[in-house]
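I've put the structures underneath this note.
Consider the two complexes below, in which chain A is the common component and chain B and chain C are the respective partners.
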Partner chain A sequence: MAEATAPKSYSLDAVKKPLKRARVNRPSKLRTSITPGTVLIILAGRDKGKRVVFLKQLESGLLLVTGPFKVNRVPLRRVNQRYVIATSTKVDVSGSDVAKFDDSYFAGEQKKKEKKSEGEFFETEKKEKKVVSQARKDDQAAVDDKILAAVASEPLLKEYLSARFSLTSGDKPHRMQF
Partner chain B sequence: MPFRRYVEVGRVCMVNFGPMYGKLVVVVDIIDQNRALVDFTGMERQQINYKRLSLTDITIDIPKAASKKELRAAIEAAEVQSKWEASSWGRKLLIQKKRAALTDFERFKIATARSQKAKAVKKALA
Partner chain C sequence: MTKKENSPRLYVRAVVLGHKRGKSNVHEHTSLLQIENVQSKEDSKWYMGKRLVYIYKAKTLKNGSLYRSMWGRVTRPHGNTGVVRAKFKKNLPCTATGRRVRVFLYPSNI
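Presenting the complex of A and B:
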């Protein structure tokens, strides 16, 4: 009864009990419709409407995709699964090696906050032009070459990937097959 | 205007409502002023309200309350399926089904083909 559960002494300080179930971060479950080579439609962001090729899911749960860059100016980039429509069109990406890409590859450089002198304070902010490193460009080319060959083999696939998806009058997206 | 299509034993109808939507059935018997007994190959014989039926031009020759065997023979003899698919109504339904099942890539290909055709027509007329 009460004897088994009552503690021997009651502490005056509030003791925090650790939660029995600690939250573990797990990567989001990948939809079965998304496999390497699936053409995805990105729904938000600067690339909204663009059709891109899925490569693999990273440890964070985000999807690694590529345009390919030459086709629609989408580089190797991460995309959230929720902001994506998976189409049933597949491209052969077995020739590309994507093992080296992970979340740390895409982690941005830490910007140092420079202290502004009085004169500079009143100047309008100078925007530094972002330069893409040669390493990134080489990685992009290495991945895209094989994919571009696969895209070229299917008629109209290149034009399809260059075009953006949009809805027009009469379209019912909930009834459309992708 | 006189009616052209009548509910009668042997009239082929399309179901226009409910779980059997789009399916062809044959009127096998009249139950009362609201319901008919319908049947076809691949389904159980059942009653259905006339409101759920759209009459077609196709009729087949069967006796009242024909058995499943007789019905199947009569359907094949009258070539109901091919007549239906040849009719403009049947063709429209097939096209609707095809369009609903198009993938995004196929829709793109069709849109490209349409615009190319329009350009060719414009060029020819110019």
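Presenting the complex of A and C:
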């Protein structure tokens, strides 16, 4: 058994030295295949199979993407890099200004926990219908307009973005060139 | 929109071959899977780390569904001809042998 070394001081108000290895949160490294304007295929969630346009990586590491909404009903949303396949197709997104979007923009509104009265306690929770704010719609339009123009200039790109990716019989994803 | 458009298949089909085993000793913590159209060790390396789900039906409703799932991950190749080893959060039951498992395309590395 190893001998315990005596502490350097027995002082009662010994100050704890802060650990030098403080954990730093860094955004996940962006794959080289993903650059602004890359068309990505979303692999899971309500938008699975949809081809969306990548805009930028947010501070949390999540990717900011847009359908564009008019093309495939995918709004400005965040997506995890690991749940996405990057294709070789690129769209020109230099016209869109996405500087103002960050993680706090997408943070959901904090639901206030209201104390339920006796009568309400036995009622099932009323589901409030989620309404998209006009500000969000305006932001969507502002970003999408330039992208839609770029999409329109390329033949078949609009049809490509509105079609969903799906695997069919005989497909070999490990051999596919995306 | 056709049904295909609305519910695209974003998983690869696979079959459970059984558990990792020798002749008499069975290691239930690892299952062997045969992924469709994967016939070599090189090809199967693409699937390493991909998430899996074994879906089965039960008699009673749980979470609003009669379907239940067991999740896992592809861990490593098994042999030279595309068979793959997988570990599930809870070991797969023996009734899963010969049945379908879905191999998703995530976590993606493309």
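The rule we apply is simple: the second predicted complex is superposed on the first by the 158 of 178 C-alpha atoms of A that agree within 3 Å, B and C clash if a C-alpha of one lies under 4 Å from a C-alpha of the other, contacts with A are read in each partner's own complex, and residues count from 1 in each chain.
In the analysis below, a residue touches a chain if its C-beta (ideal position, glycine included) is under 8 Å from a C-beta of that chain, and two chains touch if they have at least 3 such contacts.
No experiment lies behind these values; they were computed from the predicted model shown.
Of the two partner chains placed by the overlay, neither chain B nor chain C lies in contact with A:Gln134. Of the two partner chains placed by the overlay, only chain C lies in contact with A:Gly170; chain B stays clear of it.
Using the contact criterion defined above for the overlaid structures, shared-chain residue A:Gly49 touches chain C, although it does not reach chain B. In the superposition on chain A, no contact is made by A:Asn25 with either chain B or chain C.
Once the two complexes are overlaid on the shared chain, A:Phe178 sits against chain B and chain C alike. For chain A, the partner that touches more of its residues is C, with chain B and chain C as the two candidates. By the touch criterion stated above, A:Thr5 is placed in contact with neither chain B nor chain C. Touch criterion met: A:Val84 reaches chain C, while chain B stays clear of it.
Shared-chain residue A:Ser104: touches no atom of chain B or chain C.
When the two complexes are superposed on chain A, the residues of chain A that touch both chain B and chain C are 163, 165, 175, 178.
Of all residues in chain A, those touching chain C in their complex are 31, 33, 43-44, 48-49, 82-86, 163-168, 170-175, 178. Here chain B touches chain A in the complex through residues 100-105, 108-109, 112, going by the rule given at the top. In the complex of the two chains, the chain A residues touching chain B come out as 39, 41, 51, 87-89, 156-157, 159-160, 163, 165, 175-178. Interface residues of chain C, counted against chain A in their complex, comprise 4-5, 8-12, 37-38, 43-44, 46-47, 104-110.
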